[in-house]
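For clarity, chains are labelled A, B, C, D, E, F, G and H in written order, and residue numbers in each chain start from 1.
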Amino acid sequence: MGESLHSLFGDYLAVLLGTVIGFFLVFTALVATRVLAPFSPEREKGTTYECGMLPLRRASTNIGVRFYLYAILFVLFDVEAVFLFPWMLSFVELGAAAYYQMLLFILVLGAGLAYAWKKGALQWR
Amino acid sequence: MAMTPSTGAPVEAPAAPADPGVAPLLPAEHPAEELALTPVEHRPGRALYKTLLPGVLQVPADLVLAMGRKSSLWPMTFGLACCAIEMIATYMAHYDLDRFGIVPWPSPRQSDVMIVAGTVTKKMAPAVKLLYEQMPNPKWVISMGACATNGGPYTRYDRVLQGVDKIVPVDVYVPGCPPRPEALIDALVSLQEKIMEERKALGA
Amino acid sequence: MVANTPEQEFETRELLINMGPQHPSTHGVFRMVLGVDGEVVTDVVPYIGYMHRGAEKLCETMDFRQGVGYMDRTEYLANFNAELSYVLAVERLAGIEVPERAQWIRMILCELNRLSSHFMFTGAFGTDVGVFGTAFVYSFREREVILDLFEEITGDRLMYAYFRPGGLAWEVPENFETRVHEVLLSARHGIREMDSLLTENEIFLARTKGVGAISAADAVDWGMSGPSLRASGVPLDLRRDDPYLYYPQVDFDVITGEAGDVFDRYHVRLREMRESVRIIEQCMEHLSDGPILPERLPRMLRTPPGEIYERTEAPRGEYGIYLVSRGGNRPYRLKVRSACFSNLQALRDMTIGHYVADAVVILGSIDIVLCEVDR
Amino acid sequence: MRGIVRSMATTLGAFVRGPVTREYPEGHRPIPERDRAFPLLLWDFEIDEPYCTGCHACERACPVECMTVLMKDNPAHTSLGGNSSRRKIIDKFWIDYARCMRCNICVEVCNFDAIAMNNTWSGHETSVYDRADLVMDLPQLLAQHKAGAIDEWVAP
Amino acid sequence: MLRRLPLPSQFDRIIITGGLVAGVALAPLLLVLLVLLAVDEITAPEFVFWLVAAIVVGGALGTVLLPNIVYAALSLVATLLGVAGVYLLLGSEFLALAQVLIYGGGVVILLLFGLMLTNATDDPVVTDGSQKPFAAMVGLLLAGVIIAAAYDATWGGSELAATSLRAFGERLFGDFMVPFIIIAVLLDIALTGAYVNARRERAPAGDDQEASS
Amino acid sequence: MIPLENFLLLSAALFAIGFYGVLARRSAILILMSVELMLAAVSINLVAFAAYLDPEGLTGMIFAIFVITIAAAEVGLALGIVLRLYRERQTANVDAADELKW
Amino acid sequence: MSPEEGAPDAAADDAARDYLETTIWAEVDRALSGITARPVTDEEERSVIDLVVRVPPREVVTALRALRDAQGMNFDYLRSLTAVDYEEEGVDVVYHLYSVETRHNVTVKCRLAADRLVVESATSVWRAANWYEREAQEMFGVRFEGHPDPRNLLLPEEMTDVFPLRKSHPLAEIEVLQGEGIAYEEGEL
Amino acid sequence: MNGDIFGLEINIWLDALVRLGLAVALMTVVVMALIYLERKVIARFQQRLGPTRTGPAGILQSPADALKLLGKEDLRPKNADPWVFELAPYFVFIPIFLVFVAIPFAFDWQIRVLELGLLYVLAVSSINIVGWVMAGWGSDNRYAMLGALRAAAQGISYELPLVLALVAVAMVVSLPGDVRGSLNLVEIVAEQGHIPYIVWQPLAFAIFYIAMLAELNRTPFDIPVGESEVVGGPFVEYSGIRWSMFFLGEYTALLLLSLRGAAVFLGGWAWPLGEEVADQNAALGLLYQFTLTAAKAGVLIFTIFWVRATMPRLRVDQLMAFSWKVLLPLTFAQIAANGLVLVYGWPDVVLLAASGGGLVLLAVIIDRAVRRPTPRPGLPSGGLEGEAVR
């Protein structure tokens, strides 16, 4: 096993450990509250809070399409951001070509954004 | 049976009274109303440590928990009428309930105290009840002002509930119309005392 | 494919959002059901009556002195103004003449009350717009100063029961004038602070400009009154147009807005506060010694039969008392014409087509007092 | 931007000026003389009996009907060998503080200046756990003035 | 005393949340792996690999089997995060983090929005078709073929090493210029395509009211 | 040291599961998710081969990042189509898309 | 026009009344041509400061519309709309109108017979009438024909058989804790 | 198996465990302190006192709250989806907690030095949006749902400016050997020994700060939790300790983001004189570096509180438009400008000029944009004429 891989593995073991610890933090708190807090199983308060009214209708229905459009935009630009990371480390070495390559990339995506913008997809109406 | 006409989708208008000739009196039993006004049963619930821990260890546990509870009473923001103005004033700079660790939360799920500040009408009563039920235990109710206590100046109007204790159990009554902020602070202090006194029973 | 504007290209089904009766932003126990498409309000159905407690009915069983207390509780942010309407109605009906000093003091107190009420509005409005309590706290700080004065005069912080048919319940304390000047000083500071905290803040402007606009014609048709109406550009101010007390003798401007949007409603109120300060200052100059009650006032006041619709300009608009008497010491019928009741009716018109968050701001900008709406 | 900066400066100004809070339960600021807490009955120290003759005037005038008055013949009346000029005197008196709306009317209608609004802090610190405790009876109503704890202010 | 313990009701939710997930599902596996580890059968990376593989396969099974569509989406999250772990084991820190960034924050949100937009959460009945047995067969067959092929061949192999992102970038931007730009165009097309499809087409201006009420 | 076969095994399993999902599921969105699984399997394969067989280990990874990218774009686009299907048919069930005339 | 400046005295009152009953009435009369309307002059009922006009129920909305659209003094602002219960004499529906431009008031009244509490809705004249009419309907049982949304406003929606503001509607009993109702012992305290 | 566990030296495991344990302790203490301080500071801004009565000067307020919440019944609404509702707190909290792994507190005081630390931090913290959506969906509550959707939309919208602003800074890091660009947070901090990057990249900092406010759902971007509309956002239905997990997560995120900002823009432990002091005296240097980090993060946090005490809330469309139409193009411009400067090897002053110009532009845009009244959106206003109010 390569040395660098070894250290990578060690580093991310900490992340794994962190996940476990985080999990147990929440878990312990929940167990503690189970022990300390009163609990009455039979009860009305199960009803959904809606400003003192009984709920109008099941809540988890229809959201705006705009949420979805923003999500798409985000995914695309996220992808672009991911490409930026290797680029920013290497473009100085590679010289102007790599720079303009990325500029082109940004511009193409920017054109997409501009299109969406113009078409009103960014407008919340 | 729905407790209120909470049909959000506005319903078809009920037919206007056909022959309004002689006004009938309020029927002794208006069925929906009767149901809406039945009191809430308070079920304090039971904490597991009350069963698990031996009695000796329960004493400090009770004490510590009660101290935490009394120092962090979060009321639900719930203003009804004129008294609510004084209640709000109590949160503000000159009286500052935050000194006591009292901060208002909008949702009943996160609140410990319901300060009923103002007249509870019969139309409002089901909502008050529901909100009370939605609060997690342990919870307390402060009846602020004459109206919440027994209907106050409006007792004699029959759309007004003669005291919020008709529908939810009240822990502290503050008289006054409206009680001044200091009176509300006094009530909260007495509620704190009450919590300390009754710490053994809480969560039992 | 039909060419559509961007507004019409996306479709979602309507979601109903219930706000109230217990909702931090509905100023009491107002309830509205918003039909929401995405984030845009497509319909508003207001529900009121959660605070209907029969003040009118009860006043029919109360004599005129007792009724004053109920007026306080009807309009609990501008109690003096509400009391004033009632006592003016009784006085006019009974033909009682009120001594001059009492009138001036009434004017001062009413304007101070307008200040405190508008402070309350700016604070609550700030919260609606989303300031985390700061505007509210500042405005209550100023309000508290005014309430302290009221308490020194009347003995109560909120429910003064101080105006009586015929005059005032008792004399103001000796240091009244110095105290009023102190209060005005602090109020001026408070107004300035509110102004600099909110009026020019870009985010505040973005939230309020162009939101919830209502045209002058619509506003009149809906029977709106007070600052909400004036914000639409209708210069209807009963202090000037239907004068009572000594308002014709003081000099003040009727503030109007242009667009009738939320910002105008806020700004009209803010500028009105400055006018109130001006009015109080002039009143202080006019204040002279004298009695505060007419010399001969019957112990139990009776009015001749007749009716009167007495209206005054309360902070929220026209506060009218329709008093029908068939003789005797109590009203036969008392109707409170509440400013908020009419203003609130226009809510649906103002809100549709705006965002959910705007609905809250618009509601806040009408400055409702639920007890006055439902009575 | 300017507006935002101005707002920030405003709050910073408040930050610098410091709190205005009146620390209530620790300190009681002086209460105005005219403060109206709840009505109290006054004690006639000269004759050692309440001023109140039980004339029912206040009871009838109270808009919320929170008072109950019962009168009796005064055992201390001069005709009975006492030193009081009151022929009738209060027998039992209840005021339901929970309903009283502190309107001052009872004080105004009383012809004997027998009743006054409490203008001390104790009049405001009245929260109780049971609402029946808010019904004050005669000894309770008289106690404070009897003990000299209030400096009554009766509206002219 | 035991009867007064409100155990079942009081612990139900803990059991469903932490206890069940961590304890019941992973405990046997962990046990086996630990035993293997103890007898020096596997090394630490292998141990982690099996753990991650369990998460990946478990999540994937959840995605295709769970009737509730939101649960399926959430187990997809688990799978995708597990795949990030696999990348890490293969020495590519960057790929792992990119996977988390794109999938954890983006694609999953997109999927959840899609679910909510189409009300798919309301009718779990439509999630499964009648082709299940057939599909299972084909799936198994496919897996068998691939695995057989994988074990059949002999792979030479070098040491695993962590890749440097700098080198990665130099390679990517040095040698893959054209595909890179094509990717950009592709993303654009995806954006416009999504926009065009999400747009309402037919409702003319007039019947807006009918459509929304 | 993890043998390469392990990764291939994992990827094969993932791919098969994804394949099963595509065939068995009826909801368009679930099918999408299954496709995601398959793509993930592919990129695992790519990266594994690259790491073990290609001394520099870079080409496979570059392909993997392209796959991830394309998968993201695919989800976005496909969801748009699902949305449209839903709007036409009031369901996200692919059976409803049998008449391909829209 | 209300009496000028401050406290009304008797003479000013009379002058004002004359003004009301001559000038404004003339205007209103012109607007209401063709409608049976009469000014209320009898002391019992007339208002101290406003002109009161009585209109028969059948014509009231026509009259209101005519007043709103009148030339010169158009009463375009509905201040308030309410009802007064005169028990067996019937119910008065009262409209308070205001002219924003000329600043004049007029009160329009119509008396409904106790056994026929129906009047046409004024919502077509002013949108402001909407809630007022709903309120009057639930409180007095006056039915406004043609109202777009005749649900209860202040009362719960299913309570269509209770009219709280009518004179015949009783007040509630006070729940008394004090007095002879509770045990009182001498020497306690 | 001697000296190692699972093939790794034992101290790697132990070390990670100890460091994570320290992080947990730090988190608990600092979050409690932050909550207390926020109440105190905001109280002061509002001319109040804030908590005074629980413990001396109220410092026990946060422990008391925690205790209260522990003793509070833990509810789950009837209609809520059990699994999603229960799992949401984990999804919200764990990703935030994991960010600790890469944050540098002082020289050689961090849990792990990750080569791609910046990317790691961004990637991991983006997961918690899923938690928000889960909380909202699982509660089956309208406000929660709306809040969660808003939170998600806002989170993803402002994540991009955040990421790109950090990329812009990471680009200009110059490592020894004339290598530009680094994603290693430790290197980034160490490189700022003389001049913090806020000087070279003020625009990036401004964008980072704004995006940070938005990511933290702090005023003026607290739309998802906006009390006056959605009552408290995705967490309306949560009670007791489960609710406090979200709260804990929020404040931990606040802490971590400001630490991140302090590290990337303000020079973390290195500026000013961080290393020099450490060279003189190791212990003192460590203390100094910790103080530096804490002070810088503290300043950031204080300004966040200050903004919270002052600003109104934006509306959801304005918020989105601000991110997509203003911040995103600006960050791209920033990156492009940086790239140009670096590729052609122009002096760093050009960076400052470009970035400063961008900052001015941003200010102008804000000034302009809001003074234009928002037109009323297109729906016809509902009139009553002829049509029932329904």
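In this text, a contact is a pair of C-beta atoms (placed from the backbone, for glycine too) under 8 Å apart; a residue touches a chain by one contact, two chains touch by 3 or more.
As the structure is a prediction and not an experimental result, all values here were calculated from the model.
With steps allowed only between chains in touch, the distance from chain A over to chain E comes to 1. Across the assembly, the mean Cα position most removed from that of chain H is the one of G.
Counting C-beta pairs in contact across E-F and across D-H gives the higher total for E-F. Chain C and chain G, compared by their mean Cα positions, are separated by 22 Å. Distance from the chain D centre to the chain G centre is 40 Å, each centre being the mean of its Cα atoms.
Separating the centre of chain B from that of chain F, both taken as means of CA atoms, is a distance of 54 Å.
Centre-to-centre separation between chain C and chain D, using Cα means, comes to 30 Å. Among all residues of chain B, those that touch two or more other chains are 4, 6, 8-10, 13, 45-48, 52, 65, 92-94, 96, 99, 106-107, 109, 123, 127, 131, 136-138, 150-151, 153, 155-160, 163, 177, 180, 203.
Annotation for chain G: residues 127, 130, 149, 152, 154-156, 164, 169, 171, 174, 177 touch two or more other chains. Multi-chain contact residues of chain D (touching two or more other chains) are listed as 1-2, 4, 7, 10-11, 14, 19-21, 23, 63, 65, 96, 98, 101-102, 131. Considering their complex, residues 39, 43, 46-54, 58, 60-61, 63-75, 227, 231-232, 236-240, 243, 388-390 of chain H touch chain B. Residue ranges on chain C touching chain G, taken from their complex, read 48-49, 52, 54, 56-58, 61, 92-93, 95, 97-98, 103, 220-223, 234, 236, 241-246, 248-249, 304-311, 318, 320, 322, 324, 326, 332-333, 335, 337, 341-342, 344-345, 374. Remark: chain E residues 13, 16-17, 37-38, 40, 43-45, 47, 70-71, 74, 77, 81, 93-94, 97-98, 100-101, 104-106, 108-109, 112-113, 116, 121, 164-165, 208-209 touch chain H in the complex. Those residues of chain B that touch chain C in the complex are listed here as 6, 8-10, 76-82, 84-86, 88-89, 92-94, 106, 118-119, 121, 123-124, 127, 131, 147, 153-154, 156-160, 177-178, 180.
The touching residues of chain F, counted against chain E in their complex, run 1-2, 4-27, 29-30, 32-34, 36-37, 40, 43-44, 47-48, 51-53, 55-59, 61-62, 64-66, 68-77, 79-84, 86-87, 91-93, 95.
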